[in-house]
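Heads up, the next two complexes both have chain A, just with different partners, chain B and then chain C.
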Partner chain A sequence: MESRDETMMEKHRVHLRPITLRDAAPATLHLLPCEVLASRPAPVGRFFTPAIRQGPDGLEVSFRGRSLRGEEVAVPPGLVGYVMVTEEKLIGKQDFLGDSENNYQEEEREPVAAPEPLERDFDRFIGATATFSRFTLWGLETIPGPDAKVRGALTWPSLAAVIHAQVPED
Partner chain B sequence: MDFSELENDNTGRCRLNSPVPLVCLKEACVLGVDEAGRGPVLGPMVYAICYCPLSHLADLEALKVADSKTLSESERNRLFAKMEEDRDFVGWALDVLSPNLISTSMLGRVKYNLNSLSHDTATALIQYALDQGVKVSQVFVDTVGMPETYQKRLQQCFPGIKVTVKAKADSLYSVVSAASICAKVARDQAVRNWRFVERLQDFDADYGSGYPNDPKTKAWLKKHVEPVFGFPQFVRFSWRTAMAILEKEAEDVVWEDLTVGDQESAGRITSYFLNEGPRTHLRVPHRYFVERGLESATTL
Partner chain C sequence: KNLYLFPEYLKDASKKMKHGLMFVKLVNPCSGEGAIYLFDMYLQQLFEVKVFKEKYHSWFINQSVQSGGALHFATPVDPLFLLLHYLMKAGKEGKFQPLDQVVVDDIFPNSILLLKLPELEKSLCHVTEEKVNPEITNKKYYKYSKEKTLKWLEKKVNQTMAALKTNNVNVSARVLSTAFFSSDQVASDKEEDYIRYAHGLISEYIPKELSDDLSKHLQLPELPASWPNPPSKKIKLSDEPVEAKEDYTKFNTKDLKTEKKNNKMTAAQKALAKVDKSGMKSIDTFFGAKIKKKTGKI
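Here is the complex of A and B:
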């Protein structure tokens, strides 16, 4: 897939702001079986949450006049959920400066060797805005159940860890 | 009418009924079916049955019940109160179908249209009267859709009962007029005491008649659009008026059951003839990732 990424879009180097992981507040998340073609704040607490009912087979609600059935999904043990946002502002001035003027904490800096110099339009920063250990997964008219895609997706980190682990020589 | 159950939860349906008059368990009865609030884009639809023994039909007619549409609200309330006084021979039952139930039925994966919903609700109410022991011998129904097919359907459901389905039955048969009054009184009360599920800000209760062609109703809808959630559940999302406003004033939503295949290939027919570079030889990710909806993140 790398080849496609290179040709189809600009390549970026993404840096995580570690301090944001510590400050992120817990959030309530809902994963809907649809895509809202916009990215904007939504009054979930006023419109959606008060409409949720406990039905005979799980949670019930509707969105845009369509019936949804939901269930809680826990983030697998050993993992933590974060809501990540790319910083709007491109690299700031302080990111180019040396240690003396860096306002961030010690762990902000890359611990491994000397970091490569940052480049405008190439380096991006992401930070966590919220954290979660569970979320509500909604299906269109039926409970998503054990076969839900996202449940499968949550098994990838543990599989990835195993297949990337060092194999003993013999 | 005691609407406490509906006020507790108005996201589904709710049934209310009078006690069954003893005489209706013994004597052959006529039963009328009618509805209120079928057309409005706001609020619930109410289906009602009303029944009385054939021997008391003249007493019901003496109340001068008429098609609820020709009566003022206070006249309807007065007539309903009279029917309550005559509870020793008049019985009724009704189903309140919430706007949320109507929207989710009509916008389901398998579309459940308003006519079918109406027919099934009417059938269930007649069956309910029978289950309560009412000796129904004749049923009169104000039609929804084609009277012939509706009558045939109901007649098949209730072979032992004489079923008459007619347009304007609510002005022809007093027992249907009585049902129409029950339905309309219930609908008005349900709308008046509607508890909005949402916590609305800057809410104004002046939504007019609720009919789509009422300028007041239209203005109210436009004012209460929420760009992500659309409308409060009080609105029937499946109504064309509501959909048209959402299309213009709210964010687009793409559902997973929508066939995206068409959009994907449309306009790209040229890709068969032109060399579009990397697009033509994409590396397809492994099935493991496709089945789990996983993609490499190139941006957030």
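Here is the complex of A and C:
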């Protein structure tokens, strides 16, 4: 093996497996107004979901003895949500090298660099395990409402599209 | 587990590809530091990745809990902004150079992927002078042009401004505070706020020096010191490499009331607000963490 040093962090690529984007099953998501320090499996369907009630002006649930108020938030049209998981182990290169790397370049261009495969053996892989088009947004004791920061965030892609659109020629 | 939002067409395109979709670290043309981008070799498109993260939030994802409450956004980015970083550097030598000599980066070697974007070479005319070597067919040489770049950026500002108006983005606290004055006053103030806000958004993608030049080019008046920070300034204050959080909070929030709101917290909200939960992960940890420390020869 070659030497691996700090610069590799800047050099390596994390390949997103395209197939996972089309096969992902829908996920149920809740955005909670509290910090949970752990990231691990949790019996959400046993203790949280069954306790959700439809109140007069929104959803209600009790979590850790506190009252939460919630509402559904849809992912804006034109966008799709994914739950992504980085693959733990580096996959042997035999699976991915050798078959037609660079095959998406439309034509030969100036030789800019020695031909190099897109996927190298020190690269990593990530894949979607689930997809989503909505989530439940919870506020502590009050409904998050239209001023919820995440709602502002969801307007970013449409603005970004304009910032990065090509400008007309003179 | 990380949550991402992608444009839907990326999913459609994925049906036609086996690979060629990858996250890489490239230069952030504003800060000069590394940032995560998503490269789609099939669509030949570059996406930037921004993270929205709010304190004291977590996700339930099916039957699991995920701390942090982060939401990642992958949105298309004009790769010319990144190229501009290299063109400006190379421009200091004052020579015409072929593109493959301009985009040279030892720190972010994945930047050579930029040269695989066919549209990019076509858009170079916006920011460079160009020369063709008659002896080597098709060999083109480029030199950074500040004048052309400022014109290009002005168009960017204008189209951004138009979108801000159409979407009714609240660009400033000033919009509300001037509502009591004459309508003329409101209209002109508003216009300036829009330009300033659009300038701030574009400035996220260019070096500070160029942002200042653009401000002069747009003839933006200096702000009186007494004025609260305009949104553009606030965006810039963000010190995180992926600064989504900061500018999102400025969108659609009702001017400065956000701070006051804290006074209206319920007892439980107050109690929770006291707990300090710093040290949230940035997207950088998503890169490199696993193999970072394997140094030396094997």
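The rule is simple: the second predicted complex is superposed on the first by the 129 of 170 C-alpha atoms of A that agree within 3 Å, B and C clash if a C-alpha of one lies under 4 Å from a C-alpha of the other, contacts with A are read in each partner's own complex, and residues count from 1 in each chain.
Going forward, a residue touches a chain if its C-beta (ideal position, glycine included) is under 8 Å from a C-beta of that chain, and two chains touch if they have at least 3 such contacts.
What you are looking at is a predicted structure, and each value in this text was computed from that prediction instead of being measured.
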item: First, second, both or neither for A:Arg64, with chain B first and chain C second; value: first
item: Partner chain in contact with A:Glu141 - chain B first, chain C second, else both or neither; value: both
item: First (chain B), second (chain C), both or neither touched by A:Ala38; value: both
item: Partner chain in contact with A:Gly152 - chain B first, chain C second, else both or neither; value: both
item: Which superposed partner A:Ala51 touches (first chain B, second chain C, both, neither); value: first
item: Dominant contact partner of chain A by residue count, chain C or chain B; value: C
item: Touching partner for A:Val167 - first (chain B), second (chain C), both, neither; value: second
item: Overlapping contact positions on chain A, where the chain C interface meets the chain B interface; value: 1, 3-5, 7-9, 12, 33-38, 40, 42-43, 45, 48, 66-67, 84-86, 126, 140-141, 149-150, 152-153, 155-156
item: Interfacial residue positions of chain B with respect to chain A in the complex; value: 9, 11, 100, 103-104, 106-109, 197-201, 226-230, 232-233, 236-238, 242, 246, 251-257, 277-278, 282-283, 285, 291-294, 296, 298-300
item: Residues of chain A touching chain C in the complex; value: 1-19, 21-22, 27-45, 48, 66-67, 75, 78-86, 88, 90, 96, 99-107, 109-110, 112-113, 118-119, 122-124, 126, 128-130, 132, 140-142, 146-147, 149-168, 170
item: Contact set on chain C toward chain A in their complex; value: 1-8, 10-11, 13-15, 17-25, 34, 38, 41-42, 44, 48, 50, 52, 54-69, 71, 73, 75-78, 98-100, 106-110, 112, 115-116, 118-119, 123, 126, 138-139, 151-152, 155-156, 159-160, 162-164, 167, 169, 201-202, 205, 244, 247-254, 266, 268-269, 272, 275, 277, 286-288, 290-292, 294-298
item: Contact footprint of chain B on chain A as seen in their complex; value: 1, 3-5, 7-9, 12, 33-38, 40, 42-43, 45-48, 50-51, 53, 60, 62-67, 84-86, 126, 140-141, 149-150, 152-153, 155-156
